[in-house]
Each structure stands twice: as structure tokens, then as C-alpha cells.
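Look at the two complexes coming up: chain A is in both, with chain B in one and chain C in the other.
The block that comes next holds the complex of A and B.
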């Protein structure tokens, strides 16, 4: 039977793996961690000035093929994401692999069940609803815990205690049997996170993270920027996560459009980011970091407006454009300078 | 009351809707100011205000915009989101209105085409903002559409006729706003003319035909203007070579052109134009491509 795999996106592969193993009878291969090898593979076969998520996902697919996967899921989305799969399929075909890539969202529309059935997948219909519900809740819990970690990891007494506990929680999540067990685990770990020893707070420096979704959510694509900021002693706030994108975005965008700061939707997450930046400024955050993959068109369009807003409120903003660099020295220099500046400003 | 003037930047949507607007405003009895063809001054204007990573076509648009700022009463910055889900545009077109409002101080006319809307809705919106009687707007719309369609039909027929003629022929696949811009496409066309090549433009063909033909190359493509440009390739079977022209770093072309190039069997040349001051690189590449075509 065909083996199924999917590109990696942060630790969400735990939830995706859970969902797919319960819904499909096919064998599911979890994607490998993104390494230098993945980047090299992706870079080698991609067109020159395509945005970086294309290269990362192509790299993971090529690694999946080595393991024997023949069907891939690709998320798709509003901007160029929705068109990735056709070119990626062609590239893989030219390399001599015959694979199918199933695109879930294309041109703003979700894939229909009828279309999904036309692929060589064996779907367990009866399990569909219950596992969807559990997965949705799992993602929600993961995002909640992650939000908590971003805010509190900077005060940890023992270095790495938060990360270690998170790793344990994810492992238990992946072995969960149903929604009730999941909820129990969540509450257990919530308490444990709450009771972790931490240093006393002297002064709070808070940084908001906004930008393009893939680069934000995949720690290997953004040089682990959250851990970096936390290690500096900064609290981090990030709006974009899967819960937001799938279940809240539609409602929020409608609300934002009524506020008339920007008149129309600007493609992908550009509009959301503009309002998030404004919200961060109003809540008195010390700095904003806008991070995107290089050549991300919607975010480039939002940049001048973001700059204007940040300037109006007097909040420093740093624009980072991430590419598949082999060295992270440039990134480190810019980040360190920015963080030092924030520290000096707060004194 | 003084007669008002409307400024239209000669970039991006101008190349799709410009002819229509010319007739429309004439019938509405309103003066129109166009920015000049793209030149060094406009490019530097655009480059100075835009983020470095922005695509060259967009930089040029912003240049035109700031050139017209203050020289007219209203600016016409259309926002074309999508005609329907399968006919979307680049995200730069989506952000055009808000970006323009960010840069210029002249009031901007609201012209918006979102899903389930078409040209008429946008035009009616324009009319109500300038308080032109609805009847006059409708009449002008009918008139302009007829004129525009006739012009496009003539253009397509002329191209079809030339396809039957003898000589070496080259098809240029590109967005209309790239190849017809004097800065981006001007030099390429001049060079090809010097070499006595017959040049065909992908956007001169009938857009309904090309949109259908594009399915042969890419089934899932949902961008309107990309589809119309690559659809010209199956139509031109008698062409000797194909030149792809895109600007750096165009989001759509980076994927679509790559896909099409992988499926092509004809000789092709991929030109990516950056805002460099020297054209030597492009010259060399075109010359060698033309030599290759002449030998075959």
C-alpha cells in the first residue's frame, strides 16, 4: 500500500501524525527534522527566487521519498502556497520519482471529500469526526502551552526545564487514545508547567513576533528566534499559530476590516500583521520583530505600513528576511544589536 | 466649478485596463493625466520609497504614483482582487490601494473588484464618487467596452495573420505590464527588432482563448494574468523560440514560468530583469539566443 507523508511544520507533526494514523489505513511516515541536508536538497532543485517554504517542503519530500513515501500532503493557502504542489510534483517527476501531492487548500477553497476520495487513500470514515475533534483540541492545547512557554521560559531557574517538559508532553500527546485522556494529560502538564521553579522578575521586556506563517512556526526556518529571545530574558508574544490560522482568522479579519486602518485585504497574513503590530504597540510592547521568508510578496507589501505604525507609536521594529543560509552570523549580529538596544531603552 | 483631472499611473493595471479607461473618461467628459513612459527619474523615485525586496514592476508603479502626486485632483489606483476563485491576481494587486494611500497625499478614487464583482461594479463605484449621473456612467461604460473589445480583437487578428507569414518568429511570454513597459521590455524589443525577428506578445491573443489553452500546461493555476500569458504557448505552434520575461523577484513567474519551462520542447530563454543600469547581460543573452534560432 502507498506510504503517506507530509512536510514538517514545527511540532505540529505530532497532531498531524495522530490524525492521519487514525483516519487513514495507509502507513504514515513522520517527516524528519529539518537539517543541513534537507536545506541542501531543497535548495538544489528549487527555482532561484521562490520563497523559502517551497525549498524546505521540497527538501522534506525528497527525504521522505528516500524512506519510500509516495503520497504527500501539502497544506496550500492563499498566496503562492496554493500553487506549490503542481511545480513540486513536476520537479519530483523530472527527478524520476512518481509521487502524488495532495493540496488541501488551493485558491482559497478547501479540498472536497469527493476529490480526496479520488486519490489512492483508504479512509476510515467512521473515525473521521472523532479524530478531527481530538486533533483540533490537541492543536489548541499545544498552542496554549506554547503561548505560556513563550511568556515564562525567560524566567526559568533551571536551564532547559521548560523545553524538557514540553518534549515529554508532546510524547504523551502522541500516544493519547481519545479526547478525555488528552484533556487529562493537558491539565496535568499545565499544573507542572505552572509549578516549575523560576527566578524573580526584575523588569519585564516584552517583544512581539509577527510575520509570515511558515517562517514563524518552523523553528529551524527562523534560527530558533523564540529560544534566542527567551534566553535574552525577553517575554515573547506571537499571534500566528495553527489555531489562529484555521479557526479564528476569518472572524478576526472581518473585525479588523471594520476598523478602517487598512481598507482592504492585502493577501495572505499582511492585514492581520498590520493590526497585530498596532495591538502590540497599544499594549506597550518594547519591540516588534517582523520575520518572513525572503521574497514573500504579501509581507513586503505590508512592510511600509508596519514601519509607519511603529514609527507613530515609537516602538522599535526589526525586519528579518530569512533565507537558506548556511551561516547564522548575520542573523545573530542583528538580533544581538536589537536586543541590546531594547535593554538599554528600558533602563 | 473647475473641471477635475484624474491621474493614471502608466504601470501595472494600466496595461490591462488603460485603453478602456481612455474611452470611458472621454465619454464622461473628464480630463485624464497619464504619467510618462518609465524613465530613469521615475525608477529612482520608486526605488527610493519602496522596500528593497519589492518586485521591480511594483517599484516602477510606486515611482509613477509619486510622480503624479500633486499633479492631479484624484488618482486612480484600482484594486483588483479576483474575478472569481479561479481568476485571482498577484498579491501586489491586492495591496495596491492601501500601499498607494500610504505613499501619496492626493485623494484616491476607490475602484475595487472583489469576488462576484466585475468591471461594471467598479465603474459604478467610480461614478458615484465623482457624482456623475448613473445613466452617463452606463453609457460611457458600454461605449468604452465596445471600443476596447474592438481594439483587442483587431490586435489578436493582426497577430494571427502575422503567424502565417514567413520568417523567424519569437513569442514573448510575460505579463503585459512588463514587456510593454519601456524600461523593462523596451530594450528587449529593440534588440529583437534589430535582429529582424518577428515578435509575438502573449497578451495580444484573445484572452478567453488563451485562458482555455493554459489548461494544457497547468491544470491548477488560479492566477488570471499568468494563465492568459502562458496560454499563448499552445496557440503558437509555428513559433521558433520562446522568451520568458519576468522581473526580479516576481512571485507568480518564479513558479509558473519554471513549470512551463520544464514542459517545453522548443528552445526558450528566461530573462529576469533587475534594476541594473547596464543592459550588456541581456544583450549577450538575446544575441546568442537569436543565433541559435537562426542556425536551427
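The block that comes next holds the complex of A and C.
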């Protein structure tokens, strides 16, 4: 039977793995952690001027092929991301691998069951609804905990205690049997997170993270910017997560379009980011960091507007462009300077 | 014994070191070329510095692209990035300044200040066009000394236009102009103008440059570039005679603000340091680990992604 795999996106592979193992009879290969090897593979076979998520996902697919996977899932977006699966399939074919890439969401619409059935997958129809519900809740819980961690990890007394507990929680999530057990685990860990020892709060410095979704959500693609900021003692707020993208975005975008600050949708998350930046400014955040992968067109379109908004409210904004070919020295210098600046401003 | 502080700025092209006292007066300073060997450059720099009698060295600060390495070797009390260092240095000597333009060897940045704080900054991103190394390589091509560039540029009456967007294209444009027989001073002036336009387009990108403006970094020694900044912006540009030392001065000032912990000496040159690059085989990340040895003793290991070292 065909082995199934999917690209890596942060810790969400726990939820995706849970869903797929319950819904499909095929063997599911979890994607490997993104390492230098993955980046090299992706970089080697991708066009040079494609955005970086393409390179990361292609790299994980190539690693999956080495393990014997033949079917891959890919998610399309409202930008070039929507064409990724076709181009990646072609690249893999040219390399001599015969594999199928199934795009689950294209142009904002989820794939239909009929369409999914046309692929060589063995679907357990009965389990579909209940597993979907549990997975949805799992993602929601993970996002809630991550939001909490971003706000509180900067005050941790023992270095790494939040990360360690999160790792434990994810392990237990992956072994969960049903929704009720999941909810119990979530509440248990919620309490534990709440009781972790913390330092005294001196002065709160809050930073908002906005930008392109893959680079934001995959820590290996953004040089672990959240841990960096937390280690500096800054609270971090990030709007973009899977819960937002899948279950809230549609409603929010409709609301945003009525507000008339921006007339057009500009593709992908550009519109959302503009409104999020405005919200961050209005809520008195000390700084905004905008991350994108190089050549991300929607975000490039949003940048001048972001600069205007930040200038209006007097909030410093840092634009970072992540690329596979650049060293992290430049990133560190810019981040350090930005953090120093925020610290000096708050005094 | 009076206290004094050392600031070292190890850039890609040049190394700057300065010793100041508590009143921020320069006791001793030096400016030498890095020549791709920061450790040797710092050794040279420190041996040319002198601490006047009656002073003792109470703090060291390092900045620049080799700040981490030199900071470790000198056992520095503070290590900071160039942007903070420049801002602190400038604000101490010119508190009224609102905009700092800085063009160094490999990077260029603009720092906007407000109420004696950094308000915003920008750095050149992917490209090193319009920096000091571009000017010096073009000087070599024209057979001129880069230090005389400014004087020559000022004698020109009709600076030629040179495409400023990209260093490589600017160079081919320059070759084209020389083959057409343009006089040298016009080409040199055109180059200086190209640096200014490139900087304003690529780094400042629509940021509001408020007066007073100060211009720093190695390129600020070039009078031609200063002239064209004034011409293009239509504003007065300040140039500090110690502009090239500002990063080192900033670090010395930051070091002086720290509580005194111990005293240092300048006999750094007697020790031998060695850097060895190794590839970790622990996982498929294969991090390039940098081992730093001080007289055969392992001081530190950098570059691991997982935090094993």
C-alpha cells in the first residue's frame, strides 16, 4: 500500500499525524525535523527565486521519498503557494520519482470527498467526523497553549521549563484516544503551565509578530525568533496560527474589508497583517516585527502600508526577510539592535 | 588611580580602538586595516595604544562584525551590536543629532533618533552596493588612492552619471565611461554621487531624514560623498573628526556605565589564540562548530543549533 507523508509545519505534525492515522489505513510517515540537510535538498532542486516555504516543503518531501513515501499532502494558499503542489510534483517527476501530491486547500476551498476518493487512499469513512473534531480541538488547544507560552516564557525562572513541559504535552497529545481524554490532558497541562515558577515582572515589553504564515509558524524557518525574543525578556504576540487560518480568517477578512482601510485583499495574509499591525499599535505594543520569506509578493505589497501605519502611531517596525542562502549573522545583528532599541525606549 | 575604558570596533575593513577617561575624553586611539585577520588586527591596535600613567583600565567593550570573538578573547565586559554602539557614541558627543547616516566597509545604516533614543533604524539588506568596499575597489581600478578620492571629486565641474542600483552594473557603467574618455575627476565625482544615491534609495527608503544630520563611518572621510549628500538632500551634514571612531567610543562609554568589576591590561599580544572549524556529526543538522582555543585550552564552542555545546 502507498505510504503517505506531509510537509512539516512547526509542531502541528502531532495533530496531522493523529488525524491521518485515524482516518487512513495507509501507513503514515511523520515528516522529519527540518535540518540543514533538508534545506540543502530543497535548495538544490528548487528554482532559486521561489519563496522559501517551497524549498522547505520540497526538502521534507525528498526526505520522505527516501523513506518510501509516495503520496504527499500539501496545502494551497491565496498566493503562489496554491501552485506549489503542481510544480513540486513536476520537479519530483523530473528527478525520476513517481509520487502524487494532493492539495487539500486550493483557492480557499477545501478539497471535496469525491475528489479525495479518486486518489489511491483507503479512507475509514466512519472515523472521519469524530477524528476531524478531535483534531480541530487539538489544534485549538495547542494554539492556546502556545499563545500562553509566548506571553509567559520570558518570565520563566528555570530556563527551558516551558519548552520541556510543552514537549511533554505534545507527546501526550499524540497518544490521546479521543476527545474526552484530550480535554482532560489539556486542562491538566494548563494548570501545570500556570503553576510554573516565574521571575518577578519588572517592566513589560511586548512585541507583535506578523508576516508570512509558513515563516512565522515554522521555528526552523525563522531562526527561532520567538525563543530569541522571549530570552530577551519580551512578551510576544502572534496572530497567525492554524486555528486562525482555517477557522477564523474568512470571517475576519470580511470584517476587515468593510473597514475600508484597504480596498483589495492583496493575496495571502497581507490584508490581515495590515489590520493586525494597526491593532498592535492601538493596543500599545512596543514594537512590531514583520517576517517574510524572500520574494513573498503579497507581503512586499503590504510593507509600505505597514510602514505608514507604524509611522503614524510611532511604533518601531522591523522588516526581516528570511532566505536559505543568507547567514544568520545579519539576522542576529538586526534583532539585537532592535531589542536594544526597545529596551532603551522603555526606560 | 583614575579609571579609563577601552572600546574596540572590529569592522570588515578596518579596526578601531579607543581609550577614554570618565569625562569621555580620548586618551589614545588608533585606526588600522583588518586585512581579514581580526585577531592580528586587534593585537596591532592594542600594541599601538598607550594608557597614560595614573590611569587603570577598568572596562572593555567590543562591537563590529568580530565583536563576539574579540569580546571573548579580551574578556570584554560588554559586547554590543554596531547600531547601538554608534547611537550611544553619537548621542554623547552630539546630543542634538536626529539622524545618523553611517557608511562602513561592508554595511551601511541609517539611525533615526528622538529624545536621545533610537527611534528607528535601517540597514542595507541583501546587497553591499554603495559601501566603502565598492569605493576602494573602484579606486584600485582607476589607479588612485581611496584617501585622495574626495579631493579629486571636488575638483569636478560636471560629474558623470553612473548607474547606482547595483555594484556590478555600476562597475560596467564606469568602465564604459572611462573607455569614452571622460576625465578622471568627473568619473570619481560620479562614483561618489552614485554611492549617495544608492544609499538614499536602498537604505533610507522613504524614511524622513530630520536635521541635524551627522555622517559617520569610514566613508565620511571622503569629502566628495559629504558634498553630494549635502547637494542631494539640500541639508547641512555634520561630520565629526572622530566619526570613524564613533562605534568604538560608544562601546567605551557603555563599558564605563557598568559597575567596576576588575582591571584589565593591554598585554593581549602575549597570548596565542586559534580558531578551528569542525562539523558536528550528532544529527543531520551538521552544524559547523567553531572551537576557540587559548594556548591549547578550549575556551568556547559556538554554532550549535541544539544547544549541546
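In this section, the second predicted complex is superposed on the first by the 345 of 347 C-alpha atoms of A that agree within 3 Å, B and C clash if a C-alpha of one lies under 4 Å from a C-alpha of the other, contacts with A are read in each partner's own complex, and residues count from 1 in each chain.
The working rule: a contact is a pair of C-beta atoms (placed from the backbone, for glycine too) under 8 Å apart; a residue touches a chain by one contact, two chains touch by 3 or more.
Source: prediction; values computed, not measured.
A.B. asks: Would chain B and chain C fit next to each other on chain A once aligned, or clash?
C.D. replies: fit
A.B. asks: What is the value, to the nearest 10 degrees, of the angle subtended at the Cα centroid of chain A by the Cα centroids of chain B and chain C?
C.D. replies: 80
A.B. asks: State whether A:321 touches chain B only (first), chain C only (second), both chains, or neither.
C.D. replies: Once the two structures are laid over each other on A, A:321 reaches both partners.
A.B. asks: With both complexes superposed on chain A, which partner does A:123 reach: first (chain B), second (chain C), both or neither?
C.D. replies: In the superposition, A:123 touches no partner, neither chain B nor chain C.
A.B. asks: With the two complexes superposed on chain A, say which partner A:245 touches: chain B (first), chain C (second), both, or neither.
C.D. replies: neither
A.B. asks: Regarding the shared-chain residue A:345, is it in contact with chain B (first), chain C (second), both, or neither?
C.D. replies: second
A.B. asks: Tell me which partner touches more residues of chain A in the superposed arrangement, chain B or chain C.
C.D. replies: Between chain B and chain C, B touches the greater number of residues in chain A.
A.B. asks: Regarding the shared-chain residue A:51, is it in contact with chain B (first), chain C (second), both, or neither?
C.D. replies: After superposition on chain A, A:51 lies in contact with chain B alone.
A.B. asks: After superposition on the shared chain, which partner residues are touched by A:302: those of chain B (first), chain C (second), both, or neither?
C.D. replies: After superposing on A, A:302 lies in contact with chain B but is clear of chain C.
A.B. asks: Who does A:334 touch here: chain B (first), chain C (second), both, or neither?
C.D. replies: Only chain C; A:334 stays clear of chain B.
A.B. asks: Of the partners chain B and chain C, which touch A:83 in the superposed model: first, second, both, neither?
C.D. replies: First partner only.
A.B. asks: How far apart, in whole Å, are the nearest Cα atoms of chain B and chain C in the superposition?
C.D. replies: Minimum over all C-alpha pairs of chain B and chain C: 5 Å.
A.B. asks: Kindly list the residues of chain A that each of chain B and chain C touches, one partner per complex.
C.D. replies: 294, 304, 321.
A.B. asks: Touching residues of chain A toward chain B in the complex: what are they?
C.D. replies: Touch list, chain A to chain B: 47-51, 54, 79-80, 82-87, 90-91, 94, 103, 106-109, 262-268, 270, 294-295, 297-298, 300-305, 308, 321.
A.B. asks: Please name which positions on chain C make contact with chain A in the complex.
C.D. replies: Per the touch definition, chain C meets chain A at residues 65, 80-84, 117-121, 123, 125-126, 206, 283-287.
A.B. asks: List the residues on chain A that touch chain C in their complex, please.
C.D. replies: Residues in contact with chain C: 32, 35-38, 294, 304, 307, 314, 316, 321, 323, 326, 329-330, 333-334, 336-338, 340-341, 344-345.
A.B. asks: Within the complex, which stretch of chain B touches chain A?
C.D. replies: Listed in rising order, the residues are 49-51, 53-55, 58, 79, 81, 85-86, 88, 90-92, 94-95, 97-99, 101-103, 112, 114, 218-223, 248-252, 254-256, 258-259, 262-263, 272.
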